[in-house]
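Each structure below is given as structure tokens.
Two complexes follow with subunit A in common, the first pairing it with subunit B and the second with subunit C.
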Partner chain A sequence: MNRYFRELSVVGALVVVLVAMAIFAPAFFQPQPLLSLVTREAPTLVVACGMALVIISRQIDISVGSIFSVVSVCAGLLAARGWPLALVLPAAAGIGALLGVVNGILVAGLRLPSIVVTLATMVTLRQGLNLVRQGEFVNMPDAVQWFGLPQTNGQWLLVGAALALLVLLGVAMRHVSAGRFVYAVGTDAEAARLAGIRPQLVTLLVFVFLGALTGCAAMMNIVQSPQVQPLSGMGLELKVIAAIVVGGVAISGGRGNLWGAFAGLLLLACVAPALTHLHVEAYWEKAIQGGIILLAVVADGVRSRKGRR
Partner chain B sequence: MSAPLLELRQLAKSFGGARALRGVDFDLRAGEVHALLGENGAGKSTLIKIVTGAHQPDTGTITVGGTRVADLTPATARALGIACIYQQPALFPDLTVAENIALRLESGGTLRRLDWTTRTQRAQELLQRVGARIAPSAEVRQLSMPEQQLVEIACALGAGARIVIMDEPTASLTQTEQHLLFAVVRELRKSGVGVIYISHRLEEIFALADRVTVLRDGESVGTHAVTAMDEAGLIRLMVGREVKQLYPPSESAPGETVLALRAVGCTASGVRDVTLELRAGEILGLAGLVGAGRTELARVLFGLTPADAGEITLRGERVTLRSPQDAVARGIAYVPEDRRRHGVVLEMPIEENMTMAIHRRIFRGAWLRFAAERSLALEFIRDLAVKCSGPTAVGGSLSGGNQQKISLARWLATKPRLLILDEPTQGVDVGAKSEIHKIIRRLAKEGLAVLLISSDLPEVLGMCDRIGVMRGGKLCAILPGKSDPHAVMAAALGTAEKGAV
Partner chain C sequence: MKSLLRLALAAGLLLTGTLGASAAASSKLVVAFLPKSKGNAYFISCKAGAEKAAKELGVELLFDGPTDSNAAKQNEIVENWITLGVDVIAVAAENKEGISTALRKAQKAGIKVVTYDADSMPDSRSFFVNQATPEGIGHALMDDAARLLNGEGEFAIITASLTAANQREWQKHIEARLKEKYPKMKIVAVRPCDDLKDKAQSEATALMSANPNLKLIMAICSPGVPGAAEAVKQAGKTGKVKVIGLGLPNENKRYVHEGVTDTVILWNTGDLGYLTIYAGVALAKGELKPGAKSFKAGTLGTFAIAGDHILLGKPFAFNKGNIDQFNF
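Coming up: the complex of A and B.
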């Protein structure tokens, strides 16, 4: 079987949806609304890239939504104080990375289960933010919006940056040693250790990397509007993990790739606008997304059981 | 005379190509302690697993109390009164003693009412019968190892077990605890229970057993009354055979000293005071019983559990090995024991498995060069005669012997000076085994220093230039290559210096 069969099947589903849209609701393909849709998903893609690495290394991070919110507010405050964007962007990535270090040290250093650790950091960060900000919005100077570019240019910049990251990372995961180490640790950490790879270091680094990317994503999000919402990252973790699972990355580690995660993200992102254009009630969105996730998980379960035989 | 409690006739069992049992006869009478003796891999565990219903024999009959049992499952074994007490008790640590006993003994629906009073009473009574002073309300996790064993025995009694199997019960006990256990075993015997007693400690067998059956290479080499035997006789039975001429001859002349250990120890893993030297082109065997510290020593040398005492010298240079990275950088390679778990990554293609330890060398700048990887994999596949559909086949699709070759290839690719092999032919069929032996010989001839850990005594005797014997974490003897197998066994069992014990 083709090594990319699983990813191609998601792409196939996506094509079916797009063709259906082209036939029944061609208005979906109007350039400007489509670009806006894609731009809104660009930050999610950036987080998904980082999350895919974490999941491939057999960990999970459900605190990304909270990290996203915290970085958004911090970056917004810095920008409001008049920091130049050239400083706010690295600061955002840095704060994200720092929070990733916390997760990483708890998981890799103390060998605690990542789902519990990141559940704790998720709640702590979110509640901490609530406490400090009391739900207050941050108003930002106009210069920050779209990096001071005209809107369309800004949108293309965000989409281009996200896609560039995807391609870079997707290629690196297959063609650079570090990528293979992530797979090795996710498949069999003890075997990797005996082969001279440091599984704990790999684990720490994927968490830090995800944190930094989440920081960047938050930055990519706040430039899209004049105000920073205090809890803009709510639910982001579920969205990202769902996209990755739909894209064929095994939650048990070691299997899958970024291309699949990308296809999964697009497929799930299409559901809501498709429903709008087809005049179906929006209540169906979550149900359909849930169905897609379930289908992907069942397909993977059946496949891996067959593989074992 | 009444029928024996248990009678096994011509029991045979194979795992893949390896024949674990080849027609074993065994019988157990009421009120006797029957010891089962044999080297590692002689077939003791397989025999026990068949009796407890965990494995089904390929051929042969099992008769319990005069009735032939066609297919024995764990449930029917229990119903027939067969109970096994393992070295590591299999109790639920978070439940109380009474609850653990109840779980084993009570049956009935999921929703039945629990009668705590009788539960506790029965636990109390059973514990008294085995002479244990343990409160039924105590949590199992707070009990010591021997106390947990007593709880296991209490369970067995409660279940009305007439056949009790004890698998190395004293391995982790102190002297006093042993005596307590022995007293319980004698009680059991007096009450008409038949005990199958497995132990490596010969003195226990003489102290406790009535009869002894020795297994060797999956065959029974005789059942004797203990009073008619002495230690030397038992060792002779266990080792028995001559070393066959299956092994390729040694051709290498040892060169410079590659590895020198002086009083090396590691508190965490129990390795103590190991002093040895290993030269280029030499194969040094490490013999000993399971748990004697051989794998632990290998892990010290590979930096997995760093040494905290003594000196390690590699090619004249004193080194500290704190991690596998240190060890690899200094030319040490370790092919681990459990290749299924830690050697070959089963989901990964062969080629990726082979290059796992040498990324830094063949992929300069960390950019993977698939062509280089492919040619390296093809070279090793040809060189080691790996039977596979190609370099992209996943590790899990290969047979045990071929997986071992992949594991070996990964480490040979690092171009080591010192190769540590931990049970390289365990669970490997005969053909692949002799191929692996030839490869090891060739590597030694090419100047590699090889440390060969093996529980397969003929392998150690046939392959090694010198043989180190370990016991209790210590290197207790270094014997020359073509040693007498009895001498190696005696050293491993510790009977050679009995006065000192």
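Coming up: the complex of A and C.
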């Protein structure tokens, strides 16, 4: 119980919000709009899974929003050229992974601080994309939407895929040695090295993995509408990192898990539609999200001070 | 010597792909038309109107611009045109202050300068051809919403951000018009989409489920219009919840044809180019002088002038009938 207190408190907050919505605005739970809203968050969850690994290994990647945009546009253009989706999907994951390799080599190979490296790649990729596209949308053939499935099936497929990834990774992080290596490197890279783990390799791989997942997430996003906006994914990094921090993953590495990150994501994603349903002015949205993040950070701070005593 | 230089310059410009530069030496008036970016579909559609005007007026039109939106490159092109000795320069400024020095230099060299789409500093040009006033946009949107709902019912606004100056300005005029003319209509919510189509889609989805009597969504930022339309379509509420907004034709064509989006408001870019050329040429011929109150531009008729702004007038409504004529 105590061990998962942090995660459970987020789940508790989420339950409180949902119960409040059930009482004050039951229309929130209409199945069709709710499924649509949940589907819109599926790509975010996929990126969050990858980001959690990076943060647990004591790194950070703030270029995911830009990677997401670049892959979205590339995949959109390939789909518009008539590539079958069975090829576009691996291409998207591949481009994402390749951009992850760049980040990973700069961080792990040259031992540069990841926040600076990914800040640089974030800006470079974003501006490069602006230069090439000048904001112009990519129009795709109708068959791309929902992978050609009926809308509801497509939505369930995306949600199911994101949840399956979460469960697989969540279990693997605890029960597969590669997952435990990530924790070990994030806790103490030197100790991990002495134990026979190669910290730089682990670091490289988590960046590549995050890149590949971001590519998949971009694909999961562009099939939800017939057009790609080159700006899509702007601010994604903040959304994802916030969810992870709220979910109890320590920004200093080594601690936390994917279940917490998942709960944090749901809690933050609830805020905007909940306010719309409660007819509260939109000004509150970012303030409340900020408050939740602050509360989580303070809770972690208090806990780690107690831990040291 | 000077004409040799001109010839050399003209040859150079021809080599780099600029058309008609040699005309600088002929007796025709030469009007140079500078977009923010020459590959951008929006400016290409402005150019179509400019070409039409140039043909009617019998003037030579030069069209050049940066390949990307590059303020420094704009200065370079203006400098070239000054050396070339064109008669009129029409500019859509990428950087308001940045271009002004070059434009002042052009004025000193006797070249008439007008701006369109995006203004430079007022002392660096004679007139700004203003494509739309905030009041015009606000009223056009509100009037169109009222037309679609027969002046009665609830609607919601999707904006870019709650603090952006231009968005607040438009919203202010929408609300004023509502209060003045449509007492039976009501704005039930204003939601920001951060200029993201994806977020607009989520916001519109929540707006519809939270407001069962919602009749219309009005998006006042361009990515918001297709975002809202996609949400309405996915909710199966096509026709029940109408979509209008301020946006670009190409981003909305499919939804307009599917009957999800009724009207997209913007200005007629072709007319903007046409009016700009007419104003520039009239300026060069001395027919248009500072202080004028109105101005007649060829087949488009007479336009009002407020101060040193020539007003393109009411915004243009793109709908099922005309949207395919525009490609930007």
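To be clear about the criterion, the second predicted complex is superposed on the first by the 308 of 309 C-alpha atoms of A that agree within 3 Å, B and C clash if a C-alpha of one lies under 4 Å from a C-alpha of the other, contacts with A are read in each partner's own complex, and residues count from 1 in each chain.
Basically, contacts are C-beta pairs under 8 Å (C-beta built on N, C-alpha and C of every residue); 3 or more make two chains touch, one makes a residue touch a chain.
Everything numeric here is computed off the predicted structure, so don't read it as measured data.
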Since both structures carry subunit A, what do subunit B and subunit C do when superposed there: clash or fit?
fit
Classify the contacts of A:192 with the two partner chains as first (subunit B alone), second (subunit C alone), both, or neither.
first
If you stack the two complexes on chain A, which partner ends up touching A:174: first (subunit B), second (subunit C), both, or neither?
first
Which partner does A:184 reach: the first (subunit B), the second (subunit C), both, or neither?
first
For A:229, select first, second, both or neither according to whether it touches subunit B, subunit C, the two together, or no partner.
second
So which one touches more of the residues on subunit A, subunit B or subunit C?
C
Of the partners subunit B and subunit C, which touch A:255 in the superposed model: first, second, both, neither?
first
On the combined arrangement from the superposition, state the nearest Cα-Cα distance between subunit B and subunit C in Å.
38
Subunit A contact footprint on subunit C (complex, rising order):
37, 39-41, 68-69, 162, 188-192, 194-198, 201-203, 205-210, 212, 223, 226-227, 230-231, 234-236, 250-251, 254
If you look only at subunit B, which of its residues touch subunit A in the complex?
302, 304, 323-325, 327-328, 334, 336, 341-348, 352, 356-357, 359-360, 363, 366-368, 410
Using the touch definition from the top, list the residues of subunit A that touch subunit B in their complex.
174-178, 180-181, 183-184, 187-188, 190-198, 254-255
Subunit C partner, complex, touching residues on subunit A are 25, 27-28, 30, 32-34, 36-37, 40, 131, 134, 136-137, 139, 151, 221, 224-227, 229, 231-232, 234-235, 272-273, 276-277, 279, 281-283, 285
